[in-house]
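First subunit A sits with subunit B, and in the next complex the same chain sits with subunit C.
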Partner chain A sequence: MSHAKPIATLRSATGIPTGRLAIWWVLASEVVIFGGLIGSYLLHRLGHPEWADAAAVTNTTIGAINTFVLLTSSFTAVLAHQAAEKGDGKTAAKYLLFTIGGALTFVCIKSYEWWSEISHGYTIASHTFWSFYYTMAGLHALHVIAGAIIMGVVALDAYRGRELHRVELIGIYWHFVDVVWIFLFPLLYIAK
Partner chain B sequence: MADTAVAIDHESHADAHHGPTGILKYVWSTDHKIIAMQYLFTGMFMAVIGGFMAYVFRMQLAFPGISVPGYGQVSPGEYNSLITNHGSIMIFWVAMPVLIAAFGNFLIPLMIGADDMVFPRINRLSYQIFLLSALILLASLFVAGGGFGGAWTSYPPLSAVGEYNQTNIGATMWLIAVALEFVAFLLGGINFIVTLMNSRAPGMKAYDIPLTAWMIVLASVLFMLSVGPLIAGAAMLLFDQTLGTGFFDPARGGDPILWQHLFWFFGHPEVYVVLLPAIGFTIDITSTFARKKVFGYKIMLYTAVATAVLSFFVWAHHQFVAGIDPRMANVFTITTLLISVPVGELLFVMIATLYGGAIRLAVPMLWALSFIAEFLIGGVTGIFLGASGADIYFHDTYFVLAHFHYTFFPIAIIGTFAAFTYWFPKMFGKMLDERLGKIHFWGTIIPFNFIFIPLFMLGGIGQHRRIYNFEHFPELAEPWMYNLRAIATISLVIMLLFQLVFFLNVIKSWIGGEKAGNNPWKANTLEWSTVSPPPHGNWAPADLPKVYRGPYEYGHPDREEDYWPQNEPD
Partner chain C sequence: MSEHHDVNYKKIYFTLLFLLVVSIIGPEIGIVWVTLVAAFGVAFVKAYLVIENFMHLRWEKRLMKWALGASLAVMMLMFFGVAPDVMRHDGRNWVNEAAIAAVERGVAGHDDGITEGPTEMAGVAEPGVFSPTVAFNQACAACHGQAGDGAGPAGAVLDPPPANFTDPAFWAERDEDRIFTVIRDGAAAVGGSPLMVPWRNTYNDEQIQQLAEYVLEFRPQE
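Right after this comes the complex of A and B.
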């Protein structure tokens, strides 16, 4: 079944390309989802100073390494966007692969971290701090995994020189995933 | 005109439908009109189920212990499940899909002169996720323990602990169904918003957009911005149910009131999410049948925006008895009473539009006028509940129940019938029967008032909600109270029976109705400039309309005709 784009998709009354406009609205809906979760956590944390004892256990070093990995993967997403702007799909695909590599590294480190914490008895049900810890980081990790999969599809298209505008769109999404982590890292790791 | 349209039809079919044929063409279609029909019929099917549930538990309340015809005896557990799922279905699987998804899908591209939504495949995905959510909800009614029985507000710890709600599996399935429904409407909403922003016909400026399209899109924005925290809350509640976390369990450092905040931060804006589309339909219909320009287009639009913004600051009026700080209760009393100003203004604009018009009482207009009258009662009784002092007395009584049915019934049922009877000629190319339409109208409106006015009275004497059998409460089991309950229940049965007239009318008109032509109501907006029903692509690609003026130019003094379509060159 052919999927010729409707005329509606090609119009741009605002001057903003349709895909970019849509991705910003996706982010708006994501902001309130993470906002609700982070807000709930913050209110709980302020009301329970004793949660600091549980928070003391989280591994700041691993969190910092993961922050570095994620920020670097955002940098290669920018390079991919630059290449796509010049119409160089192959280079864009290469940089997107680096970003996917960053995502995989992030998920692997996170798995190791969770495995060691769970094996020490800090499970999602052991304390409400840990419930928030696993829920917030877990929701974020789901976004990382989903983003990596979509990026694979975009990279494949870009390699064949198709739909190059999507390189920018997945980049915008990836920066958002990054920004969420920038909030989670201090809230879950640094605030002891 | 008709001949060219047939030609277009063949042409576009030739290049747009290489794929599935027959019935599959409709199942897998990405055409916004087909998706609108899918939402419409799914919503109507769910409405029949929700209505049947209301009939069953109302029979139990009025005639305790009776074997309900068509159902049998109602056990306390079943009663809980019936009221919970009645509420959930009517809001999430009837009001939302019909008012926003069905009419939004059908009308937005047509009203702005586009050939489809900007993301047709995401549109189809949205419906498929919605259908999945409906199937999960319906399946939950048949699992061990029955459907979820912890009320549609799903307050923990009742909803979080299987031992309390007795519907372990049902509760989790209900939660997953609701969460999937939210995902479906987020996808659909992004599509609506981007389509309206980017795909308008050349010449259509922001203030040339028909108010219906504006209102559905404002509702989509409002939904998107309010539902996020509840999605997070739903995940937390799901973990409380299944993984043994204690987010909402005070014994483990959690807080049950947090759920109430997350729920009502969405739940109150949700009232306006469904209200705004109904307001949009009503004002469009009022303008067309009064043959008069909308009184204050911009006022209407800005007021709707003000309502949407204010609706984020009223949620705690649902929690006045939950132990919130009385100073906080005062703040929320003030914001709640404030929101009646813009909502009142919306109704005044409609009444001012009627003033001096050449009013024609066709069936859609009757529905639109009854919306104004009935919603007014719902709004005015809300003042009692918004004031914390009065609410402490009325809280969780049938007064609350009657109040929100006086808002939701006009929104979801009257609003739908108004829109359906108005756009039916465009959707199916046939006129509805006026006489059957009027019988159905009066057969719905009169019993509706006889259902809920008795419930206002019972609520006033303190009759509590969510009680299975009032015989267990001697002070609520007086004969005169049972008479009022019987009036409400019998009126409900009468109202439900009159819906058969509606279905008869739809089937009869669809098969043998008079041909509608392009513009049977002589209205100005773009959807009336194409054939009825519109072909795939709505207009021939070369004939996509251009816009020269606003949508409500009725009775212009320089013109012989009393209307002036948006796409007619000067």
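Right after this comes the complex of A and C.
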């Protein structure tokens, strides 16, 4: 059976490869989703100085470790892209696996963090600060999990030398997830 | 399909790690503007580095920059459009009484007005100084309630329910030593519920002693 490429993957009126155009559009809409959430949080945080008490409880060390993990996984994602550009699917797959490892580490640390906070009574319903905290970090964590799953599929293809351009696309998405965390870290952990 | 980009990724990565360290150490100094620059200024620099060098937006067609810029602009419009209503708590013809009350309660040390706690509620933590009030509200109040009546929001689902320190029956067979032991070693150590976990890894003996004395203040006076 032959797999003819759909015409949409070949045609590009914008000069941007269709897949990459699509991923940028996804991210443009993500900017509004996360931006709206972060913007609403900022409005309330600035209007309510007493939230500092609640914010003082979050664990800066854990936040910092997770920032390190995501920055590192972004680095391996871009190395995967670099390898894919050279046509080296196996190396690209290897770096994507490292990136997935970063995603898993991030989720494990996040689970531990949430578990200890919830067991101390800081639940999504206990204060508006915590509602924002769990919603923003939770939506972000869902993006990490989704990215890791898609990366697994892309890595499998890349290992077989197929669809190497997708390595770049999942990478762009992954860096965006990293950028969102870069802002969530000071918002939720540093500004007390 | 892809273009080659001459970026020293390793250098960008180590710059990002260096900036991460700056954003952690900066706020430790305790000067407000240093904290803001270290936290948010650095975040913008980190985001810029990632977007330009890892996402290669620098080499992307102008169309895409405009599309992302439009998204950002819509977000800004939302923010600044509603900011006067949400951030301010009064205007020429209106007052947001609920928000003002929430701030007052919060600044006085109450947690968004769930319950009225005992008097002398100084809830604002001074860094490095242990305050039994703050510790109680952070560690205990979720289950036992800020008023010590066992009616904390997280306590509602616990079985057995959290102890009510304002109940005379609770004090019939308990003294300060026993409270101290339960806080330090957990209630299971004296045959109580394992849901009351030990706190010896969080607080030292002296702090637990202060917490026990704080709990004793809830005891009703006969």
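We take it that the second predicted complex is superposed on the first by the 187 of 192 C-alpha atoms of A that agree within 3 Å, B and C clash if a C-alpha of one lies under 4 Å from a C-alpha of the other, contacts with A are read in each partner's own complex, and residues count from 1 in each chain.
By definition in this document, a contact is a pair of C-beta atoms (placed from the backbone, for glycine too) under 8 Å apart; a residue touches a chain by one contact, two chains touch by 3 or more.
Bear in mind the structure is a predicted one, so any value in this text is a computation, not a measurement.
Undergrad: Using the overlay on subunit A, decide if subunit B and subunit C clash or can fit next to each other.
TA: fit
Undergrad: So, A:L139: does it touch subunit B (first), subunit C (second), both, or neither?
TA: The first partner, subunit B, only.
Undergrad: Taking the superposition on A as described, I'd like to know which of subunit B and subunit C A:H175 touches: first, second, both or neither.
TA: In the superposition, A:H175 touches subunit C alone.
Undergrad: Output check: A:S131 vs subunit B and subunit C. Expected answer is one of first, second, both, neither. What do you get?
TA: Touch partner of A:S131: subunit B, not subunit C.
Undergrad: In the overlay of the two complexes, what angle sits at the CA centre of subunit A between those of subunit B and subunit C, given in steps of 10 degrees?
TA: For this superposition the angle at subunit A equals 100 degrees.
Undergrad: Just checking: does A:L37 make contact with subunit B only, subunit C only, both, or neither of them? Give me first, second, both or neither.
TA: first
Undergrad: Counting only touches as set out at the top, which of subunit B and subunit C does A:S12 meet: first, second, both, neither?
TA: A:S12: touches subunit B, not subunit C.
Undergrad: Just subunit B (first), just subunit C (second), both, or neither: which does A:V57 touch?
TA: After superposition on chain A, A:V57 lies in contact with subunit C alone.
Undergrad: Report the partner of subunit A that touches more of its residues: subunit B or subunit C.
TA: The larger set of subunit A residues in touch belongs to C.
Undergrad: In the superposed arrangement, does A:L104 touch subunit B (first), subunit C (second), both or neither?
TA: neither
Undergrad: Considering only the touch criterion stated at the top, classify A:A28 as touching first (subunit B), second (subunit C), both, or neither.
TA: both
Undergrad: Please give the least Cα distance, whole angstrom, that subunit B and subunit C reach in the superposed model.
TA: Minimum C-alpha separation, subunit B to subunit C, in the superposed model is 5 Å.
Undergrad: Could you give the residue numbers on subunit A that contact subunit B in one complex and subunit C in the other?
TA: Of subunit A, residues 14, 16, 21, 25, 28-29, 31-32, 35-36, 39-40, 43-44, 48, 51, 125, 127-128 contact subunit B in one complex and subunit C in the other.
Undergrad: For subunit C, which residues count as touching subunit A in their complex?
TA: 1-2, 4, 9-10, 12-13, 16-17, 20, 23-24, 27, 35-36, 38-40, 42-43, 46-47, 50-51, 53-56, 60-61, 63-64, 67-68, 70-72, 74-75, 78-79, 82-83, 86-89, 99, 102-103, 105-107, 109, 111-112, 123-125, 138-139, 141-143, 152-154, 197
Undergrad: So in the complex, the part of subunit B that touches subunit A is made up of which residues?
TA: Touching subunit A: residues 15-16, 18-20, 28, 30, 109, 114-121, 186, 189-191, 193-195, 197-200, 204, 224-233, 235-236, 239, 243-247, 252-255, 258, 262, 265, 537, 541, 544 of subunit B.
Undergrad: For a test of understanding, state which residues of subunit A touch subunit B in their complex under the given definition.
TA: Listed in rising order, the residues are 1-4, 6-9, 11-14, 16, 18, 21-22, 25-26, 28-37, 39-40, 43-44, 48, 51, 124-125, 127-129, 131-132, 135, 139.
Undergrad: If we count contacts the way the header does, which residues on subunit A are in touch with subunit C in the complex?
TA: Per the stated touch rule, the residues are 14-17, 21, 24-25, 27-29, 31-32, 35-36, 39-40, 42-44, 46-51, 53-54, 56-57, 60, 64, 67-68, 71-72, 74-75, 77-79, 81-82, 84-85, 119-123, 125-128, 165, 168, 171-172, 175-176, 178-179, 182-183, 185-186, 190-192.
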